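So, here's a batch of structures to check.
Look for chain A in each of the two complexes below; its partner is chain B in the first and chain C in the second.
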Partner chain A sequence: MFKGMVGSWTVVGIVLLAVCLVLGAFFGEVLGGNALALMGAGLAVVLSGIGSIVGVGVAGEKAAGITAEEPENFGRVLPLQALPGTQGIYGFLVAFLALIKMNAFGGVLTLTLEQGWQVFFACLPAGLSGLMSALYQAKVSLAGMDIAAQKPDESGKGMILSAMVETYAVLGLLTSILLIMFAVNI
Partner chain B sequence: MRDYLWASPVGRIRTIEKGLLTRSDLAKVLDAGNLEGALMALRDSFYGPYVSKLEHADMFEVALEEAVKAVHDKVMRLAPEPLIIAAYRARYDFHNLKVLLKAEMLQVPAEEGGFSRLGNLTPEELMEALKPVRQGQAPVAPLELEPDSIGESAYKVTCELAAVYARVLAQAEIGQLSSFEVDGLIDKSYYTWAASVYRKSGYDALEEIIRSEIDIINLKMAVRANLLGISSSDFGGILIPGGNVDAARLAEGYIRGYRGVADVYKHARLEHLANRGVSQAQKGQPLTGWERECDNAMVKLVRQARKISLGPEPVFGYMFGREVEVRNLRIILSGKQSLIPEHEISERLRESYA
Partner chain C sequence: MAIARMRKVTILAYEELEAPLFEKLRDAGLMHVTKSTVAGTEEQPEEIHTHAETPEYVKRLSQLAVIKSYFERYNTIKKSFFDMFTGKKPDVSYSRFKNAVDTYDIPGVFDKVKEHDEMLSRITERIADLEQKLQMLEPWRSLDIPLGEVRETRTCDTCLAMVPSVALASDALASPGVHHKVIWQDKGQAGIWLAVFAGETPEGQAANSLLAALGGTRLNLAREVEDYLEAGLVGDICRAIEGRLSELQEKRDTILAKDAEMAQGLLDILALTDYYLDKQNLDRIRKEAGRTRFTLIVEGYVKAKDMDLFRGQLSGFADIEIIDEEPGEAEDVPVYLENHPIIRPFEAVTAIYGYPNYRELDPTPWLAPFFWLFFGLCLGDAIYGIMLSLFSWWFIKTQNLEDERFMRLLMYCGFSTILAGALTGSWFGDFPVQFLKGTVIERITSSMAVLDPVNDPMTLLLVSLAFGIVHIWVGIIVKMVGTIRGGNVVEGIIDHGSWVIFLPGLVLWGLSKAGVIQSGVGLYIMAAGAVLVMISGARNQKSIFMKPISAVGKFYDIVGYFSDVLSYARILALMLASAIIGVVVNTISRLVVDMLGGLGWVVIPVILAFGHLLNLAINALGSFVHSGRLQFVEFFSKFFEGGGTPFRPLRRVKENVSLTD
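For the complex of A and B:
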């Protein structure tokens, strides 16, 4: 299950999350609510960012391979490469909203431990769904590029298939936004 | 398993493999009135540059070999893990080793025409690399060996060839080895090594391909050996381990004759093929049609690689696909050369990868 590109980066994501959870659980009192909240915001960016970096990177390599043989296919493979990149933006958006909620731009942070954990967990849906969906979307994009390389006229279908995975990244984003806006008690 | 490294090569291969000959392309070659016409039909294909260089149509074999060599070289250059491709190509090196060993045992010079030039080493390089082995030394390592380079994979193949060479020589010293036994020993060594390379690589599809290939080879050998009345001890000696069907079970089944062989393959992927082969052999019918079915089973299996979008499998599949294509072209062109009717040539053709 944890083989290959998706498997190994999923493990990296899980390890990162586990480290943060352990840090929070055992050193939460020392770190304080502010640190926990910032860790959550950071995780949203880092997890979804990892997915997007790996996804766009691998898809870009394959796109380059196809373009090297048939440069006219560049326009067809470019959107497929870009699709796994959106999760990174969603992660950034969630982190930005969390920082606003924490009043990070307005002055001194004064979050309790409970509030810190609330922000931490509110950021997770976007981070985790971003990581997984970006990796799997990259896989679908890679398969979509096969369509673009072999049947260029049908490349739109590959894009639709890849865009389907986006749904779950969007759901993760919306959940995090709703949690930050309405569930976090600051 | 570093499938992400293969993204760019797979992209390139996906585009290149559009040039594989389809059934209708092959039909055009087959429909040509004579050998010259068949070669003419290939001019606009991947084979064009190789065919157009020919001074005489009868020399088509040279063009086909050059084309396969060009495919191998290109794939090797593209591969980020060249050992995976080198392990496949090594079957030609091991073939050359057979030629060399048999010639040495008969104390005659090796026949130039018996060598294949499709391996990782040229026959000359192979002979040079084996020189130190005769004095009990390891092959000379290149001065610089970059990890995951073509040089490193060629060296690994050389070391394996040297080890097999030394092993066969040692066995030959103990007792006279027949040509059949030399073939068996070398085939066994090659497939055992290649299977271990693919197992270590972590690519499940490649491992399955080599395991199934071993199953098919063992099945072919079991049916043929039964037909030739080879003893169970001799047969057990040439069986290749590492397939999905346990070689020891097959050796036991072989003792019980054809039915025993078919029983071993019961519930396995090749059950249908085993039953067909056994029933044809029992009826005393020629096995050529069945052997074609075995080849087709292999093509169908490797064709699964087309569904994989990241990893070495599509690259491997393309290389294999070209080889199958060349085999079909060889059947057509040599058929045309021998003035065999089209329908007879057509019956001999293997399924294509495209």
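For the complex of A and C:
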């Protein structure tokens, strides 16, 4: 069942991104650089957030099922549920950095259209890689919970397998951080 | 040696000794018993030992399972919050265990549990039924005729009925020969007592046609409470039912109280479950032994250093023969890791991947420093490190763990986290800068900082990659040493040694090109290494014409090493993640103070505690799995084979309880 959800949630995320791109492309002059930059920061949170919400959600369902049968396994399935949750935090982190870079906490925002687009695109690697990797990582976590249920002593292997997917969220995060800090020209 | 030497042990004994011998082996807990290589050669051992009937433990275990689930409704064993994570088992003293085995009447308790269970479900059903009846009678309490009298007589049909309230004004009810009295009205419905003169031709129930015209329904309350009609008026019937109800409830309470008392024995049930599981386990192991007509052959492995102890333990048996020998080349010898106490906790990391096989190196001492370092760098906050170490230390002290390697590992990793945090100036993120600006603490913490990951990530990226190069380089060295030790000196030096020389040469050459170092020595080292790399590429190629191509093609391996090294960028990313989230938490706290003023100072401890704990929990998890991954994927792929069977000596089964003296 979850298999189909991965595809549809990916589509939801990409449609969201497309809407923002279209808005920016056609109404950029009206909206201004500030709006574009804020849209980018929002997308980083929302895209990776969707991935993590769905991922942690389905993983939690299965974790609860396993805990119901063997309460002792709670400590083993909890980290597996938590793993697809990091992407949402990475997205939040990127949005926060972007806000600091824009001086959003310091007063008035005065970004040009070009700067707005720069922030927008700098936020995307974390958002998109977070969306996809959280969904697929949740799939591996679900399978890892079978390890935890059937061979409790081997559940660490499930965590490592799940972490393999997260690599790409980490790379997306790193790219966004570097882009915001060094490439964005504010 | 990091992997314990084993002796292959074969025990020959008379068959009569079978039961006591296996019990002794279990109590000694020193021998990993394997399936006998001579099993089933003389006769079919399964046939000899096929039990005519199912063994006792099968029946007992199923009875115990029923009793256990019944008793658990009363939940008499308290578990602490942490027990959910540690899987800690309740303690049972050996004397209680012994007493339970000798005296606990499992079939008796089982029968009682079954009886009580059935009784309880009957009573519960009855109570629900009576409560429903009471509810039904409730509105009719003001009826002043005994319920039993409301019935048809020869000429008159009386009944209770429910009609819509609007129908009460109907002419039909006022017509001659019809008599009614409203007992209750509620929500557009009315309950009435109705008497209809049936005339001279009493066919069926005369009131029915009237009720049909009114849109009402005839109620037969009397039939519902037949057993209680003698009580008379509805109020009296209700009282009678209530009396019966309280009787039933009392009966139920008595059973529940008895059960709660019986359930105090849950611990005994758990201990007995282990006792019979142990019997089952011994029975299974016994079937693996080899047999001839009169003798029993038990095979397995014992740690070499435990051999004397093992012989001593079995010295009570006069007529057995114990042979111990060096394990053969092709045998799957079980593996027991033996490391220095400081390295020991890191065995938990090795165990996640799987054990090394008996004939290779134990990777634990090699991965230990790197895992320790990487974890610290990824988490990278001094206060988090202190919290992690203190928590693990407290946990080990108070929780009495069976295997404390993992918690000790976290404690050590806390130290490297403190170190990394101090060097990068991260103390609860930028807490000293945000809240303690200008104080001594701020000066001390900032004076210790060498690098700033947030403002100067490029330097840390290079540091991360440099650690990666060293890690991979060490991995190749381990492979080289292992290969040479295994007797393949040429292969070790040329195939692996070539990279050991070439890679640092490449790095040094790159550094001198970039102007970081002046010396050009790197070029020569690299050249020497490159020659060896080409030799290793050509060496294994049979065709003389293909040799040059293979030699050059060998350099393609650089791509693999390069992508391995890039993977270490995650160290920087994770470090930034935990550092910046710490900053975010502090910034939000400051914003709250700015917005709320004095009240803010009341709120921020909550925000700070919640935020930093969340950051610590999530990033500690991330640091652990990613440091682990760097070992398993990047490091182990250079030298590690794995596939070893862990050494699991025959011991008493302790699945549900842990026995104490």
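Heads up, the rule we're going with is that the second predicted complex is superposed on the first by the 183 of 186 C-alpha atoms of A that agree within 3 Å, B and C clash if a C-alpha of one lies under 4 Å from a C-alpha of the other, contacts with A are read in each partner's own complex, and residues count from 1 in each chain.
The rule is short, and it goes like this: a contact is a pair of C-beta atoms (placed from the backbone, for glycine too) under 8 Å apart; a residue touches a chain by one contact, two chains touch by 3 or more.
Since the model is a prediction, treat every value here as computed from it, not as a measurement.
Engineer: Aligned on chain A, chain B and chain C: do they clash or fit?
Structural biologist: fit
Engineer: So, does A:Q150 touch the first partner chain B, the second partner chain C, both, or neither?
Structural biologist: In the superposition, A:Q150 contacts chain B only.
Engineer: For A:E61, using the defined touch cut-off, is the partner it touches chain B, chain C, both, or neither? Pick first, second, both or neither.
Structural biologist: In the superposed model, A:E61 contacts chain B only, not chain C.
Engineer: So in the superposed three-chain picture, is A:T110 touching just chain B, just chain C, both, or none of them (first/second/both/neither)?
Structural biologist: It touches nothing on chain B or chain C.
Engineer: What is the contact status of A:G4 with respect to chain B (first) and chain C (second): first, second, both, or neither?
Structural biologist: After superposing on A, A:G4 lies in contact with chain B but is clear of chain C.
Engineer: Hey, is it chain B or chain C that touches more of chain A?
Structural biologist: Looking at chain A, the partner in contact with more of its residues is C.
Engineer: Return first, second, both or neither, reflecting whether A:L173 touches chain B, chain C, both chains, or no partner chain.
Structural biologist: In the superposition, A:L173 contacts chain C only.
Engineer: Using the superposition on chain A described above, determine whether A:M181 touches chain B (first), chain C (second), both, or neither.
Structural biologist: second
Engineer: So, A:M164: does it touch chain B (first), chain C (second), both, or neither?
Structural biologist: A:M164 sits against chain C, while chain B stays out of touch.
Engineer: With the two complexes overlaid on chain A, what is the closest approach of chain B to chain C, counting only CA atoms, in Å?
Structural biologist: Minimum over all C-alpha pairs: 5 Å.
Engineer: Could you list, by residue number, the parts of chain A that touch chain B in their complex?
Structural biologist: 3-5, 54, 57-59, 61-70, 73, 139, 142-143, 145-146, 149-150
Engineer: Once bound in the complex, which stretches of chain A touch chain C?
Structural biologist: 71-72, 74-75, 79, 82-83, 85-86, 89-90, 92-93, 96-97, 105, 152, 156-157, 159-160, 162-164, 166-167, 170-171, 173-174, 177-178, 181
Engineer: Spell out the residues on chain C that touch chain A in their complex, using ranges where they run on.
Structural biologist: Touch residues, chain C against chain A: 84-87, 351-354, 457, 567, 569-570, 572-574, 576-577, 580-581, 584, 587, 591, 617-618, 621-622, 625-626, 628-629, 632-633.
Engineer: State the interface residues of chain B toward chain A in the complex, per the touch definition above.
Structural biologist: 1, 3-4, 7-18, 202, 204, 309-311
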